[in-house]
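Read from first to last, the chains carry the letters A, B, C and D; within each, the first residue is number 1.
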Amino acid sequence: MSLAVDDLQVYYRTLRGDVRAVDGVTFDIADGEIMGLAGESGCGKSSLGNSLVYLTGRMKYVGGTVDLDGTKLPIWDFEAMNEHRFRHISVIPQYAMSALNPTRKIGAMTADLVGSRGVPYKHVAGEFIRRLELVGLSKDVLGMYPIELSGGMKQRAVMVVSTLLDPSLLIADEITSALDVSTQKAVAEMLVEFRDRGFVKSMVVITHDISILYQVADTILVMYAGHLVEKAPADVIIGAPSHPYTRLLISSLPEVGVRYTERRLHGIPGTPPPLLAPPEGCRFRDRCPLASAKCVKRPPFRELEPGHHVACWEVGG
Amino acid sequence: MLRYLLRKLLIYALTFVAAVTIDWGIPHLMPGNPVLTLMGRIQIQNPQVAQHVYANYMRSFNLDLPLWKQYYYFWVSLVHGDLGTSILQFPSPVSSIILHAVPYTLGLLIPATLLSWYVGNKLGALAARRKVLDNTLLPFGYLLTATPYMWLAILMSFLFAVTWQVLPVGFAYDPTAVQGWTWTFGLDLLRHWVLPFLSLFLVACGGWAIGMRNLIIYELESDYAHYLESLGAPRKLVRKYAFRNALLPQITGLALALGAVIAGALVTEIVFSYPGLGYQIYRAITNEDYFVIQGIFLFIIVGVLIANFVVDIVYMIVDPRTRIGMQEGGQA
Amino acid sequence: MSVPDRVSTTTVGDDLRIGAAVPPAPADEAKPVSGLRETLYFAVRNKKLIFGLGVTLSMLAIAIVGPYIARHPPLDYGGQLSVPPTTRDGYWLGTTLLGQDVFAQFVTGLRMAFVVGAIGGGIAAIIGMVVGFTAGYRGGIVDELLNMVTNVVLVIPTFALLLVIAAYLQVRGIMTEAIFIGLTSWPWAARAVRAQTFSLTSRDFVSLARLSGSSSRQIIFREIAPNMSSYLFMMFILLFGGAILIAATLDFIGLGPSNTISLGMMMQLSVQNAALQLHLWWWFLPPGLAIMAIVGSLYVMNVGLDEVFNPRLRSM
Amino acid sequence: MSVLVELDGCTKVYRIGSFGSKRLTAVRDVAFGLDAGEVVSLIGESGSGKSTIGRLILRLSPLTAGSIRFMGEDVSTFKGRSLREYHRHAQGVFQDPFSSYNPIYKADRVFKLIKDTYFPAVGAREWAHKVGDALDAVSLDPAQVLHRYPHQLSGGQLQRLLVARALLLDIDFLVADEIISMLDASTRIDVLNLLGDLKARGLGILFITHDLSLGNYISDRTVILRRGVIVEMGETEKVFGDPRHAYTRMLLAAVPQLRHKWSADGDGRTVAAALEGDGIGSALVEIERGHLVRLEEGA
């Protein structure tokens, strides 16, 4: 077991009160697993991903535990977490294209960074260059400033830097959303390759685009309004989802080959509840065709069959 | 890169032409015959001097010529370094008055500007680091930057020279001192220099500190800082980067602040009767010695333009973004 | 760039935090998204804003009421010479070496400072807005030309320029002074407005306004300008403070208005008449303190406003 | 069907650098037509010039060369009154719903702007009626959307409001520039379906998108754009079913699909590398009725 998250609660502080972005989530990630984390904007997927490595500013740890390779991560303690960041758990941020210091050469910045973590640069320099070449960047990149690279190149450089110390877990946050389809594919495939080569043990890939997850993820975890909805192997989520939200969501996605004139797709009526003061129970129940009186109680995230968890009273008996 | 510098040079050249034109044009814009008006306003007792001044004025203004020729001859004499003759210190040419005053002004200005920049930035970075320092240093910064230069000078002169009498005030050195390359004379110079320098330095320092503090806080919120932090980089490294990046706009600020510091130097010199350009300009204004005013104006313009150009070059050297952006032909 | 105007000189680029050269916040972030109520919520809780506003308004009140309270005309030589502050005869701040009422001079000077600030700052703000809006909205060659003019005026040490102009002017009044200050201190404001306009113009609501038949003028005044009203207000505050400092410096050099008294002239006269050596502190302390108080509180107020309007700076 | 909008030889060159010293060709020699009652999707990656074409057609940006005809009239000469009349018939909806609204005003101000220009004489009651009808057509509840600030509404509601705004005019043609790319998955498809409803009303729609599956879903014809040049166009079924240009094929291979994994061999990068030419000089050739493909260099 690589990662075990138990009843994690992370809120956002705002003027009007706490936004319950991550409200009691429990899940595991196995060694070597690439888990896709999907959901609509504001469902808490980025907050969940970020809270595992970098809890800042307005984010507030409320409760729960996170274990990585059997060690409890002190995610509420910014300073104590430094020990784990980069070495054990790392991140490719959403803003990867602007994540590099604009006035420092990429090689020098990397040397500063690993040096500051107690790793002499010369120990990793060779591997750094090899990995840059693996993602299609030449050695010259070391002597370049970020402005000299294209957006895609910067992103690939950040991928390599983030994983340089071979972390156990990598959080990749919306890293393909700003890319064109052609580069999107290359970046997504690199993620898989990084795992296959053992640069990282397991991975959380956060995106709103489920079709990307289908390509790269072993399992997909779907979130809705701060709660977990369903986690299952990618094929199951796409092919045979159980939760009504997942089912409706998947069926609303256009695919190449589906034409408006032949098969009209439908969205899900309604909007997610506000997370400032969310209703008790299942948060999807206002929009759910299966909703019943039971749903005023929060359904547990239970294992329907091995590797397939669902939070719904109405499915699987 | 060259294109960028050429573009800057073009701006500076335009500025210079504009300044010279204004310098020439202002007396011409006044109603009536400027020479007669000027002669009427300055009271010269000695008729010989008066006659000479009149001739001087007439020649400088070339009033009998068509306007464009007057303008042309203005440039011609300018190119020859002829800025006219002082009335008050007749018959000293304006250029020699300026040259005598300049060392004093530069001796104040350059150390005050550079040191205040350095110290202010350091203090600002310090303030951005700790809440306590932020709350104590910053109000001081705002007070200082809102203080009129001359008032701080007055205050210092009153406290240190008049009340406590620890430092001398007035002129650059004791008039009775023996001039020469001696320690005594050097110390005397230094003692006269300290107060004007401090008043300039302190006010400017406040502005830099505030600027740096705000810039650093902004830098610490930027993506690269967050990225470093999320990879567990120690605060020291993040702050080092933030400080370096925040210094870049402060370099540009140096060029822009120059005018303010010069004005500050002028009025500070007046308070301390320090014999630099400010003191000369004050004497010229109270005595309506127009050529001196105009000459010093042109001199300041040229100085500011040169300083701006130096800052441009320095900036280009230290900021890879402009350097590389320019190589690719992007806009600066 | 104007000279004693340390605001303009240290306000590089587009940001109005004093001394900061920070790229502009995206316009949507700089906006109080939740409208007036939230802005007010932060405004009344912002100590800097309240403090700055309080001091500024108190000074303004003194400037308005003071001249009516003063018992003697500011330029009259009626009193005893060099009297320290006293309650006798209404010489609350004492008299000058020449027997003038320092209090009367002080409150008159204060009033003049506000007049110069308002007019000089106002003119600079108007020019800055016209140039900035035009350059930012039109773009292209118009932008290039205006940019060049702005850069030229920005590089000229305007204080030196004012020096020459003021020296030649035969009749100098507070208005002329304010107008000239306004005419020379607009460039950084124009730059700031241009940058903001530029970023707002690229937003889709401007395209939609054009598709709704709005004219350029309507778009600038109804769509763009209201979006940066807080920004424009902060800009005016800084120009206001800057104009006061410039005027004080000019007056101190002896180029002040010839028909009245100002804070800068008080300082000049006190230095000229050896007030320092004679320990007439009541003569030279008040004018400087007043300028420091007004300009400083304007700056602090500006920082407070920035925190109120800019959500990113709001501390939780 | 009559040709509603017709582009011919459209070229857009931006002048960049100081005093326009450099030029950047965003759109080169683009020609295609759009009929009433037809959805044409304009598909391209970033930098392909697809949004520029939308802005050119709406006259938000001046054309450098070529012509754009709307109902037979060249719109590039329109000014003032005639331009306003043109906008009575041709409107746009853009990508970012939050950027489309001036944040300091209430969202329904977009209606008022229309009224001020186009219906100054219409009375308040009649106008409210019209607005009600338009909202109805886009399935919005007036009580939920009127008198609200943009940030109080969802992206989907905002985009629907903009479609309603267009419907208040007598529009024949709508440019829909990435209108659902910023909306959430569960609601976006309904906004896209709205375009289908408009088409049923006889409107011509130019749907600009980077998402092939969306273009495939809604449009009758498809234009594939690359670096400002059309590389392939034709009926959507033909372009997607039988793509002829290497670039189109590469796009189709790279687009992540829900039920087909990427094939291991079709590496997007290698194909992209083979596509380095910029298409200048080569010609669009009609390989079958209505299906045009740009000949590849050397082919």
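Basically, a residue touches a chain if its C-beta (ideal position, glycine included) is under 8 Å from a C-beta of that chain, and two chains touch if they have at least 3 such contacts.
Just so it is clear, the model here is predicted, and its values are computed rather than measured.
Comparing chain C-alpha centroids with the centroid of the full set of protein C-alpha atoms picks out C as the closest. Between the chains B-C lie more C-beta contact pairs than between any other two chains. Chain geometry summary: the mean Cα position of chain A and that of chain D are 32 Å apart. Centroids built from CA atoms put chain D at 48 Å from chain C. Chain C has its Cα centroid 50 Å from the Cα centroid of chain A. If you average the CA atoms of chain B and of chain C, the two centres end up 21 Å from each other. Residues of chain D found to touch two or more other chains are 18.
Along chain A, no residue makes contact with two or more other chains.
Those residues of chain C whose C-beta lies close enough to touch chain B in the complex are 1-6, 8-10, 12-13, 15, 17-22, 148, 151-152, 154-161, 163-165, 167-168, 170, 188, 241, 245, 248-249, 252-255, 264, 267, 270-271, 276-277, 279, 281, 284-285, 287-288, 291-292, 294-296, 298-300, 303, 312.
Partner chain D is touched in their complex by these residues of chain A: 40-41, 136, 180-186, 188-189, 208-212, 214-215, 238-239, 248-250, 252-260, 264-268, 271. Within the complex formed with chain D, the chain C residues making contact are 28, 31, 33-35, 140-141, 144, 203-205, 207-214, 223, 226-227. Those residues of chain D that touch chain C in the complex are listed here as 15, 18-20, 55, 58, 60, 84, 87, 91-92, 94-96, 98-104, 110, 113-114, 116-118, 149, 151, 162, 165.
Within the complex formed with chain B, the residues of chain A that make contact are 53-54, 56, 81-87, 90-91, 93, 95, 98-105, 112-113, 116-117, 145, 147-148, 158, 161-162.
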